[in-house]
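In what comes next, chain A is part of two complexes: it sits with chain B in the first one and with chain C in the second one.
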Partner chain A sequence: MIRYLFTRFLHALFVLWGAFTLSFVLLQVMPGDAVLVKFQDPELGLSPQQIADMRATYGADESAITQYAHVLGRTLHGNLGYSIETGLPVGQMLHAAYPTTLRLAIVSFTGALAFAAICCALAILLSGNPVGRYLAAAIGAIPGITSGIPVFWLEIVAIQLVSFHWKLIPVVGLSGWSAVLLPGLALAIPISAPLAQVFMAAAHRVEALPFIDVLRARGVSPLRILYAHILPNALPPTLTVSGLVFGEILAGAVVTETVFGLDGLGQLAQQAVASQDVAVLQAIILISVSGFVSIGFASEIIQPLLDPRIGRSARQRKY
Partner chain B sequence: MKAAITTPAWATLFKTMDYMPLLRHSFCATLAVSALFVGNVGGYTPPLSAAPVQQGRTLLYLEKQAHKSLYPPAGGFYPNGGILAQVTDRLTWQNTQTLRVEPWIATSWQINADNTVYTFTLRPDVTFSDGTPVDAAAVALNFDTYGKGNKALHLPPSEVINNYDHSEVLDPHTVRFYFSKPAPGFLQGTSVIGSGLVSPHLLHKPLEQWGDGRNIIGSGPFVVQDDVPGKSITLRARPDYTWGPPELAPQGPARLDAIRILVVPEDSIRIGAFLSGQADFIREVEAYDEGQITRSGNRLYAPSTRGVNDSVVFRPDNDKVADRRVRLALLRATDREEILRTLFSPHYPLARSILASDTQGFQDHSAELGYDPEQARHLLDEAGWLQHPDGWRYRNGQILSLGIHVSAPHPQSRSMLVLLAQQWRKVGVRLDILTGSPAMVVLDDLDPHTTPLYQAEVGRADPDVLKSAYYPTNRNVLLQKGGQSQHVAHFTDPECNRLLLAVASETDPKRRLELVADVQNAILTNAYSIPIFEEPQVFAGAAHVHDMHFEAVGRPVFYRTWLDQP
Partner chain C sequence: MTQTCLSIRDLDISYTRHGSTHQALNHVSLDLHAGEMLALVGESGSGKSTLGRAVLGILPPNASVQHGSIHIGAHNVTHLSERAWRQIRGKKIALIPQDPAHSLDPVRTIGAQLAEALRPHQSSFLKRSNTRAEAIALLDQMGISRPAQRLGQYPHELSGGMRQRVLIAAAIAQRPALIVADEPTSALDVSVQVQIMALLATLRRELGTAILFITHDLALASEQTDRVSVLNHGVICETAPTRQIFSAPKTAYTQRLIANLPVFHQTPASVPDLRTPTPPDVIKVTNLGYSYAQTTRSGYRHAMQNITFTVPKGRTLGIVGESGSGKTTLLRCLLGLITPQAGTIELLGQDPSRLKGQALRTLRCKVQFVYQNPHVSFDPRYSALKALEEPLINSEQHNPAQRRKLIDDVLQKVRLSPTLLARKVSALSGGQAQRLALARALLCQPEILILDEVVSALDVSIQSEILTLLENLQKDLGLTYIFVSHDLSVIKRLSHEVLILKNGEQIEYGKTEQIFSKPMTDYTKHLIASIPGLTSSPQAAEHS
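So, the complex of A and B:
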C-alpha cells in the first residue's frame, strides 16, 4: 500500500511539472508579454529607450530557456514570484483569492449534489406509479437541459430576478458566505447535470437488482428502500465523476466570479490571462492541477471504504 | 489549465453581448430623446444643495474597472484618477468653470518671463496622512520624480511635464523649479491628477509597490483604508483635513465618512444594482442606458474630459493612406451626425475640431468636417482607387481595406466602428475591425501596416494635450518615425512637429493660442484625423447624493459630497 501511494505521489508530481512546463511554453508562444502590456501603454508616454530599460530590469528579453530555469527554480523554492501587473507577491494574491473560490466550490458542489439527489429520488419514486412514470421521464430529461444552459446567462437571469426584481439578496457589497450563496446556487444547476445523470443511471441499475425485489416482497416501504438502499448504493459512481465536476466548477468560477464581481481565483485567472501575467497564471495552473490530482487521489482512496467490492477486486488483480 | 482554456469561450459570449446596442437602435433613439429633457449637457456642475448637510455616511461607488498602479502620472486611467483625486492634493487647482489655475497647496507663485523658472510658496499647515509635512523638500522630490522619472525604481516621467531640469528648496515653504526650455504648460500641469503630491517615503518605493492602494500616502481629504486587489478599495475621511481647494469651500474635512469603491465590470449588473438601490454612484453609463437612469428619478452626470476628441486617426506610413486625397475622402465619407444620432446621446457633443470646444485654444472647424459621399468617391477615383464590380475599390490589384482595433476604454467603440464600416462601404472602402489579446493589440497598434487607423482620445484641459497626443516621443497617435514603433519606415511631418514643440514652449499666452490654432489647422488640412465626438465621462448618482463635483477632466471629486438618507 505504501509503495502504491508513493508511486501515485511521484505520478502526481510529474503531472504538476508537465502542466507547469506546458503552460510556460504556451504563454511563450503568445505574442507579447506582461511587461509590454504594462509599459507600452500609450497613456504612460514612455520613450523607446525607457521601455527598453524597463524590459531589461524585468529580464523580459532573456532567452526562453533562461526564463524557464529561473521560474522553475524559484517555484521549487516555494517562491511564486511577483505579479507584473499589480506588483503584489503572487502568494499574497492567491491567499486573498482562494477563500471565495473555495466557498463558491463548496456551495455549488453541495447544491449540485442535493439537486442531483432530489432529481434522482423523484424519478425513482414516481417511476413506480403508472401516471407518475411520464413525470419521471420528464425529470430524467432535466439534466440534459440544464447541462446545455450557458452559465453566464443563467446567472444574469438569476441576478435580474432574485436580486433586482424580488430584491431578496443584493449582488454588491457582500462578503463571506452570503456573497457566494446566489452565485453558488446558480453555478450548481449546470454542474449538477453530470452528477444527476450518473446518479439516476446508477439508481435505476440498483433498483433492478434482485435484492430490491426481496425488500419489496418483505413489505419495506418504498421511501425506506429509496433512502436506505438505493441512494447509498448509487452514490459511489456519482462521487467518481466529482473530479470532472471539480473541473467544471473551476471553469464556471471564471465566468461566475466575473459576472458577480467576486474576488476569487477565477477572476484572478481571467485578469492574468488578459494581461499575460505569467507568474499569476502559472500559480493558478499549479493550484488547479493540484486540486485535480488530489481529488482523483482522494476518490481512489475513499472508493474502497464506500464499496468493499472495489478494494477486494483490486487486491485480487494485484495478487 | 482548465480555467485558462475556457476563457476564449467566455470572451466570445461577452463579445456577442457587445452587439446588443446595435440591436436596440430604435429603442436608443427614444431614450436619447427622453434624455434631452433631463440630461445635463457639457461641463455640468450640479448646484449646491439647499437642504441641510448630513455628515458621516458611507458612499458606495461601483467602478467598471479595477485600479492599476496608483503612481499619480498614471492617473489618466479613469479608475486610478477616481481614487487619486480623493487621496492626493495638488499644488494648484484648475477652476472647472473658468479653467483658471487657482491656489491650493501653493498659496502663490512667480514665473519668470521666459517660463523657465517657477517659484511656489506653500501653505505651512499641510501634512501627509503619515504625519510628514508637505514642505518644499517633499514637493521638490515629487516633481523631481514626475519630471524626470526614476529608473532605479521603475517610475516613469509624467507626460504633462515638459523640459524639466531640476528643483531647488529656497526655504521650508518655498520651492523653485528650473526648466531647460520654456515650459508654459507647467502651471496647469501642477493642477492635474497626474501631479498629485505623495509622501516622500512613497517616492523611495519601486513602481511594483504602487499597486497596493494602502501604500499610497497623500495629503488629500481621504486616505486608503483597505484595498482588495481587483475587487474593492475603501477610502476613509481624514478628520484633520482643512486645506481643500477654494472653489469647494468651506475647506474643512470631507462630509462623507467613507467611500467604498467596488469593481463591477459587467454593465448590466452595475446598472441593475444601482437601479435597485444597492449603490449610490456608478461610473460608465452607456448612452443606451441613460434613459433608465433618469426615468427612475436618479441623476446623470456627464462631465467633459476636454482635450483631444474621440477621433479616428490615420497612420500615413501605410501606403494606402499616405495620399492626402484618400484620407480626405474617408473624412467626407464619414457621417458623424449619423453616428451620434444612432449610438450616442446629447451628452456626446459632435466634434467641431480635433480639440474639444471647452479646451483652451479651440477653433471651430465644423465647415471642413462635413459629410459628402459624392466628393469622397471623386477623391478616391482621383487617387487611383477604382471601384470594381464587387463593390470594393482596388489600385494595382490591391484592395482598399484598412484595419483598426476596437478600443476598449472608449464608449461603444465596437458599435461605432461597425457603423463607420457601413458608411465607408457605401464609397467602396472596407474597414476591418480587429480584436485580440491586450498584448496583441499593443503590438498591432504600433504597426502602421496592420493598423493604418487608430482610435485616439486624450483628456486634459491645457493645449499641451496636442503634443501629448501627436508628438513622436509622446503617444504618437499618427505613428511618425522617431517614436516607440520599429515598423515605421519613413513617415514624419516636421512642420506639424515644429508647431507641437512650439505650443509646448511658447511663453506668450496669446501667441501660444495662435499656435494651437495652427496645429488644429495643420492636422485637419492634412486630414490626419477624423474627429467624431467630445468624450464625456458619464456617471449616475442616486437622488440622495448631493454636491457632487468633477475636476477639469471629468474625474469625480467626493470632497464636498454628502448623502441625505434617513
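So, the complex of A and C:
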C-alpha cells in the first residue's frame, strides 16, 4: 500500500510539472509580454530604451530556456514571483483570493450533492408506486432543465428574491461563510445537474439487477433497499463525475464571482488574462491542476472503499 | 397429518404492454404440503417464473392477478399490500434465486447481508454477538468452510457454488415453511449442481421445508422431487408423482418433453462404419500449452498444458470441462486468437499461428465458430438478412443475385424460413437465432465447426431440434465438429470421441462409449454420476 501511494505521489508530481511546463510554453507563445502591455501605453511617455530596461529588470528579454529555468527554480523554492500588474507577491494575492473560492466550492458542491441525492432517492422511491411513477418521471427531467438554466440569470433572480424581495440575506457587507451562502446555493443548482443525471441513471441500473428482487423477497423494506443497497451501489460512478465537477469549481467560478462581487480565483484569473500577468496565471494554473490531481487521488482512494471489486486487491484476482 | 403450505386456486395472471395484454397463467391450481418438494417444469415462456414471482408477491408492475387466489399457510396473499407482504416474506416464504453471481449485493459483505436476512426489520447488524453467531451457524450448516472468516468477505471473493450456499443460508435464515427455488442450479457447473441439490434435500429432511422447485430441466426435476407439475403456455397440463410422470406420462406434451431429453436419447452418436477406412485427421493438436502471465509475484498460471488430440474428417470431438478447466483457452488457440507457447496445432494441414494475411483469412473461413448465446454474437439492430449478408458483402466476391442464392441455400440447410429474414435479430427466438448463427457459419462453406455450448441456453425441445440439425449437417456436408459443452448428456448424444479437461489438463480422452461405460478417472466417474436424471432414465430402469 505504501509503495502504491508513493508511485501515485510521483505521478502527481509529474502531472504538476507537465502542467507547469505546458502553461509556460503556451504563455510564451502569446504575442507580447506583460511589460509591453503595461508600459507601452503612449500616455506613459516612456522611451523604447526605458521599456527595454524594464524588460531587463523583469527578465523578459532573456531566452525562453533561461526564463523557464529561472521560473521553475523559484517556484520549486516556493516563490511564485511578483505580479507585474500590481507589483504584489503572487503568493499573497492567492492567499487573499483562495479562501473565498474554497468556501464557494464547498458550499455549492455540498448543496449540489444533496440536491442530486434527494432527486435520486425520490425518483427511485416513487417509481415503485403506480401514481408516483409520473412524479418520478417528472423528477427525472429536472437535471435536464437545471443544466440548461444560465447561471448568471439564476443568480440575479436569486438576489432579487432572497435579498431584495424577502430580505433574507443582505447583498453587501458580508464576510466569510455567510458571503458565499447565497452564491453557493445558486451555483449548486446548475452543477447538480450532471451529478443527479449520473446518480439517477446508476441507481436505475442497480434497481434492475436481480439482487434487488432477492432483497424484496427477503422482506427488506423499500426504504432500506434504497439507502443500504441501491445508493451505495450507485455511488462509485457518481463519485467520478463529482470529482470533475468539484475540480472545476475549485478553479474559480468567474460568472458567480462577478454577479455577487466576490474576490475569488475566478476574478483573479480573469484580470490576469486581461493584463497578461504571466506569473499570476501560472500560479492559478498550478493551483487548479493540483486541485484536480488531489481530487483524483482522493477519489481513487475512496473508490475501493465504496466498491470492494475495484482497487488493487481486485486487480490481482481474476475479476 | 401434513398441512398445506401453499395453495393456488384458478390463478390467472396477465401482462399488459403497450396496451395489449398477454395471458401468462391460465387457471393454475397447485398445492404444496409441508416438507414436500414439487418441481414446476416448463420451457421458456411457459409462465413458470411468473408463478414463482406471484407466490412471492414480486410481480413486475405491468402484471396483474385477474382471477384466483394464493394462500401461504393460512394467509390469503393474493392482493396483499406491500407492507403486509413484508411480514410474510422471509418468515413464511423465501426465495433461492437463479443466478448466484448477480443475486448478492456486490458492495456489502456476506456478513451484512446475512444479518439483514436474519433481522430484516432492524438496523445495526453484526455488532450484536448473537446475530453474528447465528450467521456463522447458518454458513456452517450450509457446509461452508471457515464461516467466521466468510462474514467479512465480499460476494466476488466467493465461487459460484459458495455464493449459492450463502443465498440458501439467507433464505432459511428465518426458518420459512416454504421456499421458492427458481432455477437454483442453472448457472452452476454440474458437480456443484449435485451438491446444491443434496443441500436442498437435507433442508427438506431436517427442517421440513416445503420447496417449490422451478426448473426447465425435466431430468433435474426427476431427482429428489415428490411430484412434478408440467406447465405449458400458462396452463398446468399434468401434475403427478415424479415416478409416474416418467413411467406413464399422460399428456402428449409431457411425453414429448421426456423424449427430447438427451439423457433418454436412445441412439448415441452414429457409430462410425468399420468397413470404411478411418478418414484422414483434419485437426491435429500436439502437446499444446498456454500460460497467462500473472501480474504479481512474477509467476505464470498454466491455463492448459499437454493437450493432445486428433479429429478425423466428418467426426465430432466433445470437449467437457467445468469453469476454469481451460476449455476457453483451448478454443482461443484453435481459432488462432492467441498463440500457444508450447505444442502445435494443425487445422486442415496448416498451423494458424504461422499464417498471415490472405492465407489466414482463407483458413478462418474454413474453420467457423458458433457461440453459446446467439443474441450476443449478432448486432441486435441488424435484420436477419443483413446479419447473413454482411460477411458476403465484405468478401466482395459475389453479386447481389449470387448472394441471395447462397443465403437461400444455407437457410434451407438449417431449416429456417426465408420469411424471417426481414425480422430484427433481437426479435428471433433462441432456437431461430441459433439456426441463423449456424447459417452464417455455413455461408463460407467451412470444413470445421467449433461449437461452444451452442445448445446450453435453449429449451430441451429446441435443443433436441438443433442437435438433430447438427447431426444431419454433419452427415450431408461431411463437417468436422469440436463440440464444447458442460452437459455430458448432450456430449454423449453428439460426439464420437470425448476429451475431458480439468484444471488445464487433459485427464481423459477416448471413444464416447468407452468413456461413458468404463471411465478411467474418479473425476470422470463423478461427472457421469452428476448427470441429472440418469437414475430415472429408461436405460437405468432396464439395468436394475
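Methods note: the second predicted complex is superposed on the first by the 291 of 319 C-alpha atoms of A that agree within 3 Å, B and C clash if a C-alpha of one lies under 4 Å from a C-alpha of the other, contacts with A are read in each partner's own complex, and residues count from 1 in each chain.
Heads up, the rule we're going with is that a residue touches a chain if its C-beta (ideal position, glycine included) is under 8 Å from a C-beta of that chain, and two chains touch if they have at least 3 such contacts.
Keep in mind that what you see is a predicted model, and the values were worked out from it rather than measured.
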Identify whether chain B and chain C fit side by side or clash on chain A in the overlaid structures. fit
Which superposed partner A:258 touches (first chain B, second chain C, both, neither): first
Looking at A:137, would you say it contacts chain B, chain C, both, or neither? Reply first, second, both or neither. neither
For A:87, decide between first (touching chain B), second (touching chain C), both and neither. first
Between chain C and chain B, which one touches more residues of chain A when both complexes sit on the common chain A? B
Is A:5 in contact with chain B, with chain C, with both, or with neither (first, second, both, neither)? neither
Can A:157 be said to touch chain B (first), chain C (second), both, or neither? neither
Taking the superposition on A as described, I'd like to know which of chain B and chain C A:118 touches: first, second, both or neither. neither
Could you tell me if A:25 is touching chain B, chain C, both of them or neither one (first, second, both, neither)? neither
Name the contact category of A:64: first (chain B only), second (chain C only), both, or neither. neither
Quick one: classify A:229 as touching chain B (first), chain C (second), both or neither. second
Min C-alpha distance, chain B to chain C, superposed, in Å, is 34
Chain A positions touched by chain B in one structure and by chain C in the second: none
Okay, in this complex, where on chain B does chain A touch? 1-7, 10, 13-14, 60, 62, 66, 68-69, 73-74, 76-77, 149, 151, 154, 156-157, 159, 206-212, 228-232, 260, 262-266, 268-269, 272-273, 275-276, 278-279, 437-440, 442-443, 446, 468, 473-477, 483-484
Under the touch definition given earlier, write down the residues of chain A that touch chain C in their complex. 128, 130, 133, 209-211, 213-222, 224, 228-229, 232-233, 306-309, 314-317, 319
Which stretch or stretches of chain C touch chain A in the complex? 53, 56, 58, 61, 82, 85-91, 93-95, 97-99, 102-108, 116-117, 120-121, 123, 154, 156-157, 167, 170-171, 180, 295-296
In the complex, chain A residues that touch chain B: 19, 22-23, 30-34, 36-37, 39-48, 50-51, 53-54, 57, 82-83, 85-88, 93, 96, 150, 152, 156, 159-160, 163-164, 167, 170-173, 247, 250-251, 253-255, 258-263, 265-271, 273-276, 281, 284-285, 288-289
